[in-house]
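Chain IDs A, B, C and D follow the sequence of writing; residue 1 opens each chain.
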Amino acid sequence: MKPLTENILTKVIKKRPTHAYKGTFGRVLIIGGTLQYGGAVIMNALAAVNAGAGLVTVATDPANFTAIHSQLPEAMVVDFNSDLIELVQHHDVILIGSGLGDRLDILKETFAAVYPKQVVIVDGSALTLVAEHHLDWPKSQLVITPHQMEWQRVSGVSIAQQAFEAFNVLACANFNVRPILVLKQFHTQIYTPNDIYELNIGGPHQAMGGMGDTLAGIIAGFAAQFFLASLSDAVLAAVYTHSAIADELAQTQYITRPTEISQQLPRFMKKYAN
Amino acid sequence: MKPLTENILTKVIKKRPTHAYKGTFGRVLIIGGTLQYGGAVIMNALAAVNAGAGLVTVATDPANFTAIHSQLPEAMVVDFNSDLIELVQHHDVILIGSGLGDRLDILKETFAAVYPKQVVIVDGSALTLVAEHHLDWPKSQLVITPHQMEWQRVSGVSIAQQAFEAFNVLACANFNVRPILVLKQFHTQIYTPNDIYELNIGGPHQAMGGMGDTLAGIIAGFAAQFFLASLSDAVLAAVYTHSAIADELAQTQYITRPTEISQQLPRFMKKYAN
Amino acid sequence: MKPLTENILTKVIKKRPTHAYKGTFGRVLIIGGTLQYGGAVIMNALAAVNAGAGLVTVATDPANFTAIHSQLPEAMVVDFNSDLIELVQHHDVILIGSGLGDRLDILKETFAAVYPKQVVIVDGSALTLVAEHHLDWPKSQLVITPHQMEWQRVSGVSIAQQAFEAFNVLACANFNVRPILVLKQFHTQIYTPNDIYELNIGGPHQAMGGMGDTLAGIIAGFAAQFFLASLSDAVLAAVYTHSAIADELAQTQYITRPTEISQQLPRFMKKYAN
Amino acid sequence: MKPLTENILTKVIKKRPTHAYKGTFGRVLIIGGTLQYGGAVIMNALAAVNAGAGLVTVATDPANFTAIHSQLPEAMVVDFNSDLIELVQHHDVILIGSGLGDRLDILKETFAAVYPKQVVIVDGSALTLVAEHHLDWPKSQLVITPHQMEWQRVSGVSIAQQAFEAFNVLACANFNVRPILVLKQFHTQIYTPNDIYELNIGGPHQAMGGMGDTLAGIIAGFAAQFFLASLSDAVLAAVYTHSAIADELAQTQYITRPTEISQQLPRFMKKYAN
């Protein structure tokens, strides 16, 4: 296991090409947010927009439209009960699952629609739905972001077994599609096709609802944008960025709210772009 | 009567344990907010989240969902007209009553559902409902936060009699459950099972609508989180924190809005954590 | 005509009494905001709350509830289509008219309900409704805040004639109730029962929609709160405060948004309280 | 082609006349924002208000009203499904098209209603609708703000041909009404009746959704307000201001959100007013 270090930031976060337009930095589709969990997709979107995604659309319960626009006019919205196939296919990165609740229908429709070249990030309730209903993973570039209990459900690797890297590697190899695994825990581990990394920053100031939704949004933003890096590197940089900002905030704060982390993204990323 | 001093903060607000996750810092359920008084639960939730509660859910009138998410995507929402029993039982701290209006049905359902190990904070209109309908208190760890008129209704101790501590102590002893009493007034008094404390900070810059809703939210956040302290100490620290932040703001402001106090919590608490 | 000077601020804005609670600083009821003009009552309320009113309730179109709570959880809301009589009678200061549109029914109901001891501030569309329908003024302490065209409609004094103070004084004397007149123009004039004042501060940075709604809200907040001053003095101090803050902001800004002026109230007022 | 320089700012942004009221700075009507693209008109309006327009009304889907008021109480709202003719005729500047989607009916109704003296700015989906349905341009002072693909649709000049100024000039001459063309690209070009200008500031930090909506809003605000400048000069100053603010923000930020640019307008404009 390799330590994940600040070096990943200068490797991934590059000065933007001069001749760029919004399409250059990717189209992100966020799918989630039932009535009860609308905040989850708001936090996804705040993170993705502030991380620099070119265009962000949120497919969610229409009850969440106003709250999204109240904080983030930069995002577009669409009813997640409408036909999503064409919408999914017109985006580069799909983030599905934060606050998705029990909407198995939406998850299946999305998985069926995606193409191999797309990046699909599966988070939150979508992971539990995959496990409960024995779904195949989408035929795409796949990133999954379970915490330990979700990983147990999805992989069958018990939390005790998860301490042994080999179990996690083996489980990934058994997927119908090889994922990049972000295994969230005290020291989050990232399993890429080539290596395993451990995050040694971050802290208990981050232990509050919404932190994972924000991480998923940063991953989406980085995946959409840093196409010169490998997807693995983009994910690694997103994971590092998320906790590095939190640690900066924790210098003067007892807790670090997820929405504050998103607000700090443009300033933080500037320090590493070159 | 003992003066409540800044010492309570260092006693209660501790450096967070390194191996923590959001569940470590408690699940808070806020119940209240009829259509007319939706702001009350928003202020409850802003306070609880910023105080560091791990997970915060607001059970309220669905008309309030968008306003909650517009300010606080970190909170989850649920319709308070739905079946609340299971929801109540899955939380560690229940704060009920801010802006609850005349919803006796919700109050009864909640009181019936709680377990002895849970912390229940009863605030605002819930106190008047208890008095009017002669309800038994819930069989839980109980905190009540009346102002003087509400205390008179609840206990039968007139405002004049309240000047004598013995009347208040006796009234608490007559409850079917021994409460921690936060008796809000010029110098707020806190009656714990062992001692009586008086708050000597705070001031008229705090005299505006929503101040009590914010206090109740801080109490909920502290109760959820500072499980190594006694509940009494957590309540005492919450009461002190609320007015100490207000006094800091009042150095440069004529009045101190409740929502501003909540925003200052992470920075303020950092100074005392060790 | 006397110049209105900064002296009015130290005369009116007093250090708050130590033994105070929210009721001490008055209950303000704001009535207005049809669907199209919901922003008007939001600006009323932002001003009144930040000016220090103890309790603020907004009676408006229910479509505006969420936007109010999204910015100002400290305010309560009520449907202005419901029976307003009892509500009106339970408040100390009534501000009616900002964004009221053509709701003559609400204006009549309010005027009929008020008591002589209440302060009623009539602003915006309510002034035009009074003129068009030849309504009697409410039997209360009356403040009216017309711009020049509205004053012409209400009083019959043409804009040309308004340059002569005597016409305005005479028109006020002809009201069934003697008002305090805030006549908004290049140099706003305030006609009190005893004197006429002219405001010599403020500037074209204030020339934008919502400026009058904010002024009306500050007047309401000051009237509710500074009961030791005369109502005339409270109005004078509110008018001065509104433009003084704008002028401060204009040191570094080309225009001064009404909502920014409200945000500055607590800090500004602190400088004068003693 | 002339470079567009900072000089345009001191030429256009003038110290406001002392005797001014909100009408002096123009009435702006923004038309757009279907349910899915509500954020577009919010960004239009944030820009127009902060740029200093006297009065701003947004005609949009009623589902967007609350989000508009949550961020910008200074704007008025109206249902864009209602009769717009009279509304259009009572405004000085009409900005139509941001997030208008496929609402051809609204576009036609607006074009039919405008007078020659009005300024009409056509943006976003309205440009595609004009091209698809071969609409005549409105008989007004016309500003159009296409990106290169939209310009190809509208004018028939292919993106390759657009590199040659003469093709663009010729296409403008063929319009039934001579437009001011803001051709958005790497170095945005502005075709006025007399000259062609090129913008040499701005950068890829601006490459994100909503940037064009914000530019259109600034143009509307400047057109409404700087009536002593020619319309061409007002448009030129708006284009320069938009990117100059972004470049300032980019000193410390990796990306510059459209809503942040709007927030900086009052401070930025102050530096040039004299």
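Simple rule for what comes next: a contact is a pair of C-beta atoms (placed from the backbone, for glycine too) under 8 Å apart; a residue touches a chain by one contact, two chains touch by 3 or more.
Computed from a predicted model, the values in this text were never measured in an experiment.
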item: Most distant chain from chain C by Cα centroid; value: A
item: Same or different residue numbers at the chain A/chain B copy interface, by half rule; value: different
item: Computed distance of Cα centres, chain D from chain A, in Å; value: 35
item: Centroid spacing, where centroids are CA-atom means, of chain A and chain C in whole angstrom; value: 49
item: In chain A, residues with contacts to at least two other chains; value: 66, 70
item: For the chain A and chain B complex, residues of the former touching the latter; value: 35-40, 42-43, 46, 63-64, 66-67, 70-71, 147, 186, 203-205, 207-211, 250, 252-259
item: Chain A residues touching chain D - in the complex, by the definition given at the top; value: 13, 16-22, 24-25, 49-50, 52-56, 62, 65-66, 69-70, 72-78, 265-270, 273
